[in-house]
Amino acid sequence: MVAASHSITSDGMPGVTIRPRTIVAEAVQLTTPPAIRAVDLTIRYGTFAAVKNVTLDIPPNQVTAIIGPSGCGKSTFLRSMNRMNDFVEGAHVTGQLLFGKEDVYAAACDPVELRRRVGMVFQKPNPFPKSIFWNVAWGPAVNGYRGNLAELVEEALRKAALWEEVMDRLNRSALALSGGQQQRLCIARAVAMQPDVLLMDEPCSALDPIATARIEDLIDKLKSQYTVVLVTHNMQQAARISDHTAFMLMGELVEVDATSRLFTMPSDRRTQDYITGRFG
Amino acid sequence: MNSAMTTAGNPAFFQPRLNRRRWMGRLFAWMCLAAAIAAVLVLAALLWHVGRQGASLLSVKFLTSGESTLDPLTSGIRSPLWGTIWLMGLTTILAVPIGVAAAIYLEEYAPDNRLTRFIQLNIANLAGVPSVVYGLLGLTVFVRGFALRRSVAAGAAALALLVLPVVIIASREALLGVPKSIREAAYAVGATRWQTIRHHVLPAAVPGILTGVILALSRAIGEAAPLIVVGAVAYMRKVPAGPLDPFTALPIKIFNWSEMPAPEFARLAGAAIIVLLILLLSMNGVAVGIRAWQQRRKSW
Amino acid sequence: MRGWQRLKEGALHAAFFACALISIAVTVGIIWVLFSESLPFFRSVPIRDFLFGLEWAPRTGQAYGILPLVCGTLLTSVLALGVAIPIGLATALYMSEYASPTVRGVAKPVFEILAGIPTVVYGYFALSFITPTLLRPLFPTIEVFNALSAAIVMGVMIIPTISSLCDDAFRAVPRRLREAGYALSATKLEVSTRIVLPAAMSGVVAAVLLALARAVGETGSTPKVSLDPLGSTQTIAAYIVQVSKGDAPAGTIEYQSIYIVGLTLFAITLGVNLLAQRVMRRFREVYE
Amino acid sequence: MTAHFVNLLDDLRRRSLRMASEVEDMLEESAEVVFSGDKSLARRIVARDEEVDDEEVGIETDVIRLLALYQPVGRDLRLLATILKVNTDLERVADGVVNIAERAKHMEVQVPASECAELKQLFPLVRAALRNAVQSYATEDAEAARSVMREDAAIDALYGQIVRKAVSATPGPSLSIAALLDLLSVAKNLERIADHATNIAEDVIFLTSGAIVRHRHDDATK
Amino acid sequence: MVAASHSITSDGMPGVTIRPRTIVAEAVQLTTPPAIRAVDLTIRYGTFAAVKNVTLDIPPNQVTAIIGPSGCGKSTFLRSMNRMNDFVEGAHVTGQLLFGKEDVYAAACDPVELRRRVGMVFQKPNPFPKSIFWNVAWGPAVNGYRGNLAELVEEALRKAALWEEVMDRLNRSALALSGGQQQRLCIARAVAMQPDVLLMDEPCSALDPIATARIEDLIDKLKSQYTVVLVTHNMQQAARISDHTAFMLMGELVEVDATSRLFTMPSDRRTQDYITGRFG
Amino acid sequence: MTAHFVNLLDDLRRRSLRMASEVEDMLEESAEVVFSGDKSLARRIVARDEEVDDEEVGIETDVIRLLALYQPVGRDLRLLATILKVNTDLERVADGVVNIAERAKHMEVQVPASECAELKQLFPLVRAALRNAVQSYATEDAEAARSVMREDAAIDALYGQIVRKAVSATPGPSLSIAALLDLLSVAKNLERIADHATNIAEDVIFLTSGAIVRHRHDDATK
């Protein structure tokens, strides 16, 4: 269980509380151990391999962007990190996906518990058709949060830079908010679970440029507290907000590098072609 | 428009005949409108005819008195009305929980395998099975098999089976109308499947389910054929006191009266129809109201 | 997940599954009942006579040919479709393409009411209004229980089914297809009949088939065998009701005959329904 | 991401301005070296130039990085282009200052004061030109930039005077050819520093208006 | 009616056939008369003015992009050019919109005829559920095209850079094509009507970057033969493909200029803020 | 829009290369002016410089335009940055050439051949350096660029030799101070042209590898 969520350790399963920070760095080249590590990860839908032998470290407290053309497997890869692919018929995973020391696809790993620690924000804003307050409070409430819910909601909304805009209408329906506000609400909802990692699946693709800019600013602020993994097909967005960028093509990881390096001096020809638009 | 720059092709090749097309369009629109009006006229004629026949017989006494063998025009519909109420109550209790549960299974739990597809196909077909056949099923299984005899319970059970597929289909539609993104959102904050269904999917689907259930019941309320087959009696003065008592129902009484040659029975049937239609309309009204409310609320 | 939570999840899953299985039990029940009750029938009547016999006279205990019943049913149903298809389709086109939102808002509930009126009411309407008031002046020889008035009423009864399902099919055609049509300099008529209608065609066909199935399954008028719409015919459903009303004692051949007739009805409607579903599935694939 | 980019852009601009004031400083010090012959100061100038060189590379890398990552348009793009151009000019100014310092260091035989009069006049003029150019860059003041460009003529005239005087000079024991060449070299470097100041002023005009006024001073200074 | 459409003068309204080439250039500053000219155009939906007093010339045979934040009226403005707004309940237009010399909103102007000469491509690819061939041939067929349909279809598909990809499967359903191909098919469909002007309403917003690049290349090629008006909320796209860019804000036209000028030296503060992302 | 952008980028690169060969030409001509004293040729060089100036502004405008409109990344961005930097260097080379031609024009008294020996050596070296640098730019050949950078030392050495000789020379009737200064100025300009050639070579290395090797020749030329 994560450090902050001590309120839910009451279920008497202390065995699951392996904390990433206790690992003795096994990857010597890294100063801090990766938040998530994929080792030779392959994801198949039936016979089709959507993700092929990907090995990648997601560094903690940074923004890692995954870019690539439609159907390159980037979304599938992202969704494997909190096992949202479980809901896809016929998805099959081989290789390892380590969240800290824990293998996400091991039998001992409970996806419900995992998702509490690895939050997710989706392509289209998907607030619950409830009040703004309960949108944020529902996740913690259902997971037996025993602190002050109102405080938690305020804190999450503040972190998502939404508090000022909604503080006087917490009981109104979340569906009355604008698209950009809804997406920030979804971020607040994820943040309220006090996760370690935030997965974002094209979080701005349904928003206009202005709302996009606000979300991007927000992601930039959040990365000091969370590990952010962002899938986007907007290369400029990856360039703007990520610290690291991974480029995928037909299920394979072609190149991963510091973003500023990847966008000025990509080392792989295919990356070069993709980012300069010469692809396909 | 600078015809100088129409370099592509020769516009002379087009012969749009705009006037003719405009004229045809208007003609067609009028034809369609006429068809729609014709359909409405039938309804108007029906209502007018029924009203003319039965309105004068309507009174509180008509609702509360039994059937008179001496003077048909003093007959009332106490026992068929109560029979119908009994039937609807029991049918709801039997069909709705099972129907909604089955829909939840199919939408939320079922894996995409042969069994699931078979269940779905089967339900779609059940919805198309004529009501008379349900009557035969009820007659064999409930009346004789479970020895319920010709009771309200047997009739309600047959009707419950009749509306079950409709309830399942309507509930599935309602569940399907809840966007997948809402479920994903719930799972992503660490909710279990049941928590997701209980807190988000069901509340969002309830108006749709309710509408479907009401419409299914309003179909059941007018059914005569299966009840006749199951063995509702045409003539009965008593009101059923328990689920195992014999019964009659409004549609059966209407069917019975309308087949009688004497004109006063046509008037009685008309009056009963008015009662039945009022019941139906109010149920439909509730359903339409729920739907309108839901559509206004739903903005995802 | 906590232990008890896991248990609860599993129990609910099982319960929901059980409910879904009930639907299969119903089908199995129907088929088992129809077969088991009608098997004794063939002990006294040869299958050949049943399938190809041209007379249906169970009362006299001699003729058990199903063809007249099937013919009667189909005649009534086809006549009903003849009334319902043009009106239903035109109405649906009007509702989805021409009507303003206000008109729609009024008309749609009216059609729903029409759809919700029970069969007995239509039967009453046919017997006490259409035949005596509308048809008798035109065809003085018409019988009280005639196929034509049954067909007209049945047609009216299934208009809402057709118009509502077609309306849904037309409205499922995305708005952007209509815009594409208009942008290509088409008139409303052309967009309606040459884009919307073909695009929704399988939905229309499915609607017609479902309406047919409903017509086939409904109780119409009563006895006699003929292809003359002015004469009286008997439909399958009507036969079952008629026999049940008469309280035929179990074990008699008349009692068994309602099951074999029910089986026939079940087979016909099942066939039509399966066909409709196939068409419907193809229609859905286009846009989903 | 605008907020982040705006901050980065502002940081970069401030870095460029810091480098500019560093270079101004060095120019000031070089005057001291020339007129006092302080060799340790000359060495310090050379050392500072290395920092400037590093900073130039750093700023250029960052400009490219911001171009690649934030794909600026409009004024942001003009600012980045200006920073890039000013950066090059500042580095060249620093190089010129180093040249002056180097020359001054091995001015073994001091140039007689009589020969130095114009040089003493030139230094403050050039320093003022650079200061004003940097100032106009800091305040994005096109008017100030135009006045820098106008004043360049005076510097050119003074430099011409120095050259003419040197050409007509008689080398002898009090004025070796080497000393003369040193003096001319210092003057030449100063003149070029003033040219770079003019370039900076031109860049400021580009920044504010988007117009490239290089090679068209007549129009621009009006 | 407009000049090129002399085939429809059979309706006995010769008085309307004023031809623009007979104009003595009234706008002296233009070398060629504008293809479309909006003069003080205002479009209201009920009481809300979506477009306010816009005056703008669309130069012929060039790409004019209209940019602006969501709800700025750019789409409404575009759709007014071929009267697609007619289908919107309560839309009301004042001011003039001239297509050549003809006032599009005059009573004499038939929108059906207008739309044949002002084609449109929509945000989401919207091929008819017909064969590829009939998708292209339908418009001309409905409008009584009397030439060789097969040739026309081939020419249109070639112009839309799709011929090579579909020539051997013209009878297959258009819905089997990829999103990018569908959009090119929609362009071919518009082109087959031999319009003068092509209106494009965010034609790439539903496509991935690779398909987008192909459509952009195509627009670039088409502009030699057609006047293209493009609405986009992707500023980069406007920058890449347009010759002129108009910036709209809250229904008003803020600035219009050559694209390269607008994106390096916008003259209006609001344009500056919008293109550099400082808006809102 | 890639195809369009690729074409524009290619056009721009070719324009830059054309300007480079123009400047190479001018350098060639300036040698002729120096050693033959052809004054009309000198005037033609000055005229050509104006064209180069215009072209420089044109190319820079286009670089900014492409940056604003196409927002390039990766190699495209590096190429644009390189074009921009090479552009500046080429313009400065042209300025140097003009300076040489101007000097040569008023070399009233011809410098004696004995004094010119090293200059005669220097010209072809510098021309080779510029040609090789431009060549490496045209072929994007980092190896060739590195060899240009290595060769710069020889040019610096030769220039040093010329300066030392001048310092130790005795001005007299056969060698006026003015002539000496002209000679030195030509040599100085040549040396600076070679520096610009080195800059171009550095830019080529940036283009091919993304590394900025300025001020770090030791690493780069290895």
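Just so it is clear, A, B, C, D, E and F label the chains in written order, and each chain counts residues from 1 on its own.
Going forward, contacts are C-beta pairs under 8 Å (C-beta built on N, C-alpha and C of every residue); 3 or more make two chains touch, one makes a residue touch a chain.
None of these values were measured; they are calculated from a predicted model.
Shared contact partners of chain A and chain F, listed by label: D, E. The leading chain pair by number of C-beta pairs in contact is B-C. Taken over every residue number at the interface, the positions common to chain D and chain F amount to over half, indicating a same-residue contact.
A separation of 91 Å divides the Cα centre of chain C from that of chain F. Centroids built from CA atoms put chain F at 21 Å from chain D.
Centroids of chain A and chain B (each the mean of its C-alpha atoms) stand 46 Å apart. Along chain A, residues 112-113, 213, 235-236, 239, 263-264, 277 each make contact with two or more other chains. Residue positions of chain D touching 2 or more other chains: 1-2, 5, 64, 68, 71, 73-74, 77-78. Across the assembly, chain C contributes 1, 185, 187, 190 as residues in contact with two or more other chains.
Of all the residues in chain F, the ones that touch chain D in their complex are 50, 53-54, 56-57, 60-61, 64, 67-68, 71, 73-74, 77-78, 81, 84-85, 88, 163, 166-169, 171, 177-178, 180-181, 184, 212, 214-215. Across the interface of their complex, chain A is touched by residues 1-2, 5-6, 71-78, 209-210 of chain F.
Interface of chain C with chain B (complex): residues 1, 5, 8-9, 12-13, 15-17, 19-24, 26-27, 29-30, 33-34, 37, 86-91, 93-95, 97-99, 107, 109-114, 116-125, 127-129, 156, 159-160, 163, 185, 187-190, 192-193, 210, 213-214, 216-219, 237, 240-241, 244-245, 250, 258-259, 262, 265-266, 269-270, 272-274, 276-277.
Note for the complex: chain E touches chain D at residues 235-236, 239, 263-266, 271-272, 275-278. Across the complex, chain C is touched by residues 16, 21-22, 24-25, 28-29, 31-36, 38-40, 42-43, 45-46, 49-50, 53, 97-99, 101-102, 104-106, 108-110, 118-119, 121-126, 128-137, 139-141, 144, 161, 164-165, 168, 192-194, 215, 218-219, 221-225, 228-229, 231, 234, 251, 254-255, 258-259, 266, 269-270, 273, 276-277, 280-281, 284, 288 of chain B.
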